[in-house]
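Both complexes below contain chain A, partnered by chain B and then by chain C.
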Partner chain A sequence: MAARTPNFEISHAAFRQLPKLVGVLAVTLLAIAARPASKQSGALLKEHYLSPIEMAFSPAGHVLYVVCQDSDEVRVVDADSAKVVGSIHVGHVPRGIALSPDARRLYVTNAWSDTVSVIDTTSREVVQTLPTGFEPTGVVADKSGATLYVANRLSSDISVIDLTSGQEIKRLLAGRGASYLALSPDGKWIYCTHIYPNPGAIRSEPDSEITVIDTSTRRVVDRKPLHNVAGLFHVASSADGKLVAVAQLRPKNLIPLAHVEHGAVFGDSLTLFGDDVGSPVQIPVDELDRYYALPWGVAITPDKSKIFLTTAGSQSVTAIDVPQLLKTVRARRQPFANDLSASAEYVTARIPVGHNPRGLALSPDGKRLYVANRLDDTLSVIDARTEKVTSTIDLGGPKNVDALRRGERLFYTADFSFQGQFGCANCHLDATIDGLEWDLEPDGFGKDIVDNRSLENLAGTEPFKWNGGNPDMPTECGPRTEKFFFRSQSFTQQQLTDLVTFVYSLPYRPNRYRLANGELTPAQERGKSIFERTATKRGAAISEANQCTYCHSGPKYTNQKEIDAGTGKLTDRSPVIDVPQLPNVAYSAPYLHDGSAKSLEEIWTVYNPKDTHGVTNDLTKDELNDLIEYLKTL
Partner chain B sequence: MKTKSWFALALLVTASLAAAQDMPMFRWENFTTANGLPDNHVYSVLVDGNRIWVGTDNGLGVYENGMWKTFRPNPDLKEHSLAHQAVLSLALDKNTGDVWAGTMGGLSRISAGRIDTYTQLNSGLSNDIVYGVGVQGDYVWTATAAGASRLNTHTGQWSLYNAFNTPMYEIWTYSVSPAEDKVYYAVWGGGVLEYDQKTERWKDYNDPDGETEMVVMKDQGLIHEITTSVSYVDKILWVATYFGASRYDGRYWHNFLQKDSGLPSNFLNQIKGIDADRAWFSTDKGLAYYDGTNWAVYRPALDTHKPEMLVRDATGNEKKIAVQSAPSHNYILGVDFQGDDLWVATAHGLSHGIRQKSSAAVAKVVSSGKK
Partner chain C sequence: MLRSLLASALLLIATGPATPATEDTANVGPFLYTVAKVFEPMAWVHGADRFPSGAQIFVSDDSGRRPLVRGFSVSADPSISFDGEKVLFAGKARASGPWQIWELDLAAGIPRPITSGPEDCIRPFYLPDDRVVYARKIAGRFVIETKELASNKTLDLTYIPSNAVPTDVLRDGRILFESSYPLGAEGNPEIYTVYSDGSGIESYRCDHGPLRYAAKQHSSGDTVFATSRGLARFTSARAQQVSISGPGGEYAGDIAETATGEWLMAWRPDAKVSYQLMRWSPGADDLKPVMVEQGANIVEPVLLASRPVPNRHPSGLHDWSNANLLCLNAYTSKLQIPAGSIHSVRLYTRDDSGHPRLLGAAPVERDGSFFVQVPSEQPLQFELLDASGKSLKREAGYFWMRRGEQRVCVGCHAGPETAPENAVPQILLKTTTPADLTGSGAASAGGH
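Let's turn to the complex of A and B:
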């Protein structure tokens, strides 16, 4: 009797599942291999990089002050010898810099300390620390040196500080994510940009503004509307004040992202305004088959012959011939921001520089352009006439490029996307959000709309995507991003590991709603009780699954599951949504998976009619306000 | 004896003439929809330098350089347009220049042309019917149909004040007057509430004996609990009610009634103090001014509708002054000051009172007598 042979026959149905199984296995293996470096090799040796981001020249052009974001300092560079000659320690995460009109004081914003460090340029010491709004970024002194203006990114306003008393005398309403400032040469106006779009109706084109302050009244007197713009960065004025240029992004978030090959994701551009051009006009800097991602820093030469623009995602500086640009602008009768053939008329050079070039500074004579290569710890020096890099100044950062820095470079570069159109940082501006709702899936217009989610401290919040479709970060950053979003070359295994390492390293920003002593205010305490309650006000038990703390549990306030909380829309393929983490939720409006709730309040006042997203309809307005005050502290 | 009587009469006449000559006189220019006003029913008016903001039943109007501009809700812009077309109250943030508009559908902030709207759905605002609004420092205070709200413009935090955490037994707040030390609310049917900025405590002012809605003995307390407006100036609280007005200096109350003052009516929509002694009263029977001693009333005559100015001195002697113009209607809802000029919201139009500098020269008494 022959031994019975085991039946290895594979059923037809199982055979059909084989590719899927193999795919799952491959992704799982990749996920294991591409876990963050720290998890693979124990303690990660973290280099202490400088990350130069902004600069200011002394009036005579001999000294260059460089804000170093990651080392919390200003490095002082002797421009003549191209050597670092000093260092001044400032607050946490410095981001902006300005000189007083008499050049005796240097003002540096400390984004995570909510302060401005006032530095004596002679002694090179911090002599005063001024309080500001949330996340101060751009800074400028008025022409008299009596008043300091600070753009606060998180509170979306502008602190007006009296420099005699050191007191903030008022806050002016700016655009959402107020960030960069410029003083007009005659000292009459201050222009302010903002990196997130102003709140608008869902599924509408984003709108932004250039906020104009009259320095004589210290009031906002104009808001120049910018349609279809989200993400405004540096603003610079020509010496005669007749031409002002603003670096900006034109996102195409209403179109399904499947159309990368048609350039339907981002337009990189400038807005120009002033007497030379009249009303604001938007001009493209991209080419028909090549993009120059993340336009960030802008400088106009003193003779107004050229505009230089850093493109932070393309490791380059774009040079623009101003007379030719003005000729094009005046010749065109219709808006041409989307006509990528136009840039050939005025772009004269794309100058390769270091990784993630940000701020730039022209020497006072306009002959040399300095570019802060944030992820190289260097400055590129460009001859403004020949448009060539003549030297690179080493600011003295670590020479080793570790996994975090490699990952950060990958996060900011657009090199991996088709035609260099965009990188991770296009949507996650400065590794945060963009305030937009995107139509990502190739399922038709207006379906499965998703809000951009925070990247802060993501470990332990898996899975990712609003439908929970990506089990881990390697899947999210790997197949999801490189293939579907970028439509171009894939990351290597090492690159994916580095990118994941960087993304997982992003910390929480300071929470401004918690008291310094760690206690809760009475309103926050009441809100906490509501968040943790198990019964309605009438004493009826709330089912466990409908208690706030069921889904929003654990250290990140997510149970890492997908649930139907009744927030799905008719345009969603499924109402089952990934439970989002809640820390720093105050910073990430709009809310819900599709960004339909413009405020925390609307989550419950508008989108929870049947008490399916927690029981809230028995709450008074006071109690709902308390709940929200508590949520802001998480 | 006869000589003494004549002397007394002469003094009285002289005093009356002096009163007439000292009271401000105006040339009134009136605006209606015929010359650009968004709507003839004007609830509120706010002077912002050379710009006049006007809250009407159908839109927010701005008058500047002889031109009108109107803001109304825009369904496409939703919370980035005016909250509601009926604009009940207005306040200026003198620091930033932003204007806050309380409407029948929420609170709107107008800042250099940009409008941001706060409602009970998208924010912590207690109720969408915003009868009153005031700005003090970083805070915006609102009087709504469901209590008081305070917005911290720096942090975005809303604080609500109502029956749960104040002595507010009625939550229909009608008007707010914030200052550095105190914030006062007129609570319709609930008297006056006082918030101490330092101690963060609330105190109420109501019928002193607690048995009726009104003060029984004159000057012993708030004249009536159905309050419509408060104005806190120079540490003096002025209160308007539907049954007279009151002045409170922190220790003593003084009540004003039609029967024993120059008020043309006990029905008041608004009161606005200039300082500790002087105030303007918006009534259903004309606009009244009190200079601490004498009274003046400006209105179209109730019977003939012809321009009318009445002056009443401390002795109760009343005179009618010949005038060529008057506010566009006797039903007055609010007033604001532009230097010596006045802007007046009425039930039928907006009126600009242009101060005539030489009152003594133009004051012509056409009749006189005891009230």
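Let's turn to the complex of A and C:
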């Protein structure tokens, strides 16, 4: 059993200061990392941004709590004066927020600390820190206030925490990438969504689920299947509980990406379920010539007249007329998720807001909608009736837009793809992966199916692309992306440099499998011996080129070479592939260049019959488990 | 010089007086327009001249009106550069010569020729990256052509046996053009789009019906055009045209949108009189005259102002002589094809005498998918067959593919509103090599 030890504690003091320009930092590491892109002109400024991502309203609607992901705090906004009136420091990379039923406690998930900060709303101080699973994201308290549920993205489960004792009493198995939660108004059910699809066979349609928990038994009672969906985000229920809406992506990863028009790469949509619609139904929000990328945050007005949806890649909020929507759903007898003209029947407005809008919150009276513009450090305030932005609240972040933030905006926007259909972040969800395999066009239709690779700490892992065809990141993100992904005019040289600077700045997520003292568990030690062995169990020498450490060498466990490990498929033009880096390999399933291995184990038990990808067929199941336990620590 | 002045004088006689009888250009800003004694907006459908009695471009600005260029026998089709500093137009230096494309630097004031040749070139527009697009008549038929201004390198974009004429460049980089429907056959004008490398030809929408022509994209993103029943628009949200409720009469299309949101357009109450330049606030009950002139048409208004540069299309064409087409599911169609009925697909081209010529046949999988290699840059027409070889559906017109183009079709006449369902087409699970329908090799007709 792997150890779960947060050896990544961050000094809280480092985050206590208000996010303002703290000085000009010659970020040498970034400058180095950004090679071989054109260098940023002048010294890189490293601003300390807030990055608001989620919000919660006090019951009376006077106070708005705003989770700021990059400053590790909750900013307290007086909704009446639209002023920031306080700040509460929490753990690292806070991501989710919920109020207790009595509004005396605020729960904030700290994704990179694997904790929940419990905040006293009166004193505005953290009074308790609760441990969770890996990368806690969504959080909700049950109606009694006795139990807290936390969706853990990396461990794909839901922590059930007894708030009286502060103890996690059980973990519920969720779908992959469990992320967002909503409590039904009657308190009976909790709905959980997931940003990654569940593991499936290679080149099969991605399937996701909505996990349903019965709060009376604290058990999973239903898994609503969502076919051809990968990437579920916010889930919200109407006040009467009869309509639940989930923001989601419908990728077209199985179709050769030969062009973009007609929703050929992504469909942006909602899934609806509940008594109003019966079985889950997927409804599109795109148009024929314009797309509303990365549907993310969902809110339903108290009177159930409207649904508001942030489209994080399109810098906008989509307003949907619920009666019209229900009329459409009831009138259509066949699925219509692929009908790009359907949204004309129920979308009433596309409301421009700031960069990368994420969470949204309706005032308790339903009159005002607040939208967190993550990459602007602002909140847009929208009149829910007129569907117009009435004001913008400055949360107090730096005013200077540095290269990293410029690059991050480029990463998340869909503006550069044809008709704004998708951006980098569509496949690299929250700058990670999407768990999918794609059929790209340049190599031919149905050929060279490729798994989506992690972006963590990429410097020193060049070349890129599974065949090693791109020597550096500017090549990877520049003309290749423009011509074969976006199919539209893309980045200027400066924009490309900014984008590459941002991509190279993405750090490793905390590794949860390493012990705090740096030592290995016995299983990990045994796995390390296997990883580094030079002879089989029978004593036969393993050729140097077939030893794990030959290809997976160096600080990032890649020799940066292209090799034939015998993992090629009939549809591959060449069996030679780029040796992937291994750090945090536990998080990036599926595996192999084409994503054919659903798990690390399958790399050897299914796809290494002739010991061409290292010698592993002499290993027992337990020994393979040991090897995997070690790999997880890298 | 004397000859030029004489030509200008003759044109003024032909087009009527330069000073309109009615003029109200307040708040319109500087603009260009074309004056012609006779204007036949759809003459291009038959390869004929829209201005058979001559035409001349005028400038209207704070200092009044004046011809845009002097020394031309005729001039028409003005189009402004993105920075607002240059004008492309079609013109004839001599009345007996062909229309050619010219560029006028407004500051320098001296036009330079962009095209040359024995036949007409009309309807020029700027493209990003210092390219232009226009229609060149080749062997009596208008073909859309692009030209790189720096290198003079040209590229044909259309490969059909019917006339095609550009009308605008969309902000997403596609070229908006008009041709007949069915494409490549005789019929009413319809609106199409094509990328600036000639790939991706398709009908803008598939609600084919009334004739549509002279389309322009407006700041809202809507494409506004003239029809036989008035004005209409395509919106991003809808699969069908949306009628624009406005005053009755005939509209010439090519509507310009002023900075205040008014529309500047050529209109006439009926075909017995000339087009006059009117302004209209969308939704208003009436049109207001901008320029009214007895006996002369005032058409093709174009604002003399800078505007956003459309996106450049990064061509992804491969260095192949042929093209590949993957149909995901032929049953995805507006044509009501019975499930399981399609067995194979035939591909035809069109010979020089106008008759279809069979290029080959290929199997269609149970899921409706097929993958074929086709000859490039010539008319193509598909026909779906059942197991007995009987025709189920056949395209009415033709399309084309550029050399090195790889294209995925959602279905057969699925309509642009239909996005594909995410699934591996069965044909790609059988083979990643397309069936050869280039007419040069053996083709397999066996289906599922």
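Note that the second predicted complex is superposed on the first by the 585 of 634 C-alpha atoms of A that agree within 3 Å, B and C clash if a C-alpha of one lies under 4 Å from a C-alpha of the other, contacts with A are read in each partner's own complex, and residues count from 1 in each chain.
Simple rule for what comes next: a contact is a pair of C-beta atoms (placed from the backbone, for glycine too) under 8 Å apart; a residue touches a chain by one contact, two chains touch by 3 or more.
Since this is a predicted model, take the numbers as computed values, not measurements.
Participant: Between chain B and chain C, point out the one touching more chain A residues.
Facilitator: C
Participant: So in the superposed three-chain picture, is A:201 touching just chain B, just chain C, both, or none of them (first/second/both/neither)?
Facilitator: first
Participant: Mind working out whether A:264 is in touch with chain B, chain C, both or neither, as first, second, both or neither?
Facilitator: second
Participant: Once the shared chain is lined up, is A:564 touching chain B (first), chain C (second), both, or neither of them?
Facilitator: After superposition on chain A, A:564 lies in contact with neither partner.
Participant: Name the contact category of A:170: first (chain B only), second (chain C only), both, or neither.
Facilitator: Only chain B; A:170 stays clear of chain C.
Participant: Which partner does A:601 contact after superposing on A: first (chain B), second (chain C), both, neither?
Facilitator: A:601: touches chain B, not chain C.
Participant: What residues on chain A does chain C touch that chain B touches too?
Facilitator: none
Participant: Note which residues of chain B are touching chain A in the complex, please.
Facilitator: 76-80, 95-98, 109, 111-114, 116, 120-124, 126-127, 138, 146, 153-155, 157-160, 162, 164-165
Participant: Looking at the complex, which residues from chain A come into contact with chain C?
Facilitator: The touching residues are 203, 205-206, 228, 250-256, 258-259, 261-264, 267, 284, 286-290, 338-341, 343-344, 347, 418-419, 439, 441-442, 444-447, 479, 482-484, 486-490, 571.
Participant: Which of the residues in chain C end up touching chain A in this complex?
Facilitator: It comes out as residues 128, 172-173, 200, 205, 221, 235-239, 311-316, 318, 324, 326, 328, 371, 406-408, 410, 416-425, 428-429, 431-432, 434.
Participant: Looking at the complex, which residues from chain A come into contact with chain B?
Facilitator: 133, 155, 157, 169-173, 198-201, 209, 211-212, 217, 219-223, 512-513, 523, 598-599, 601-602, 605-606, 620-622, 624-625, 628-629
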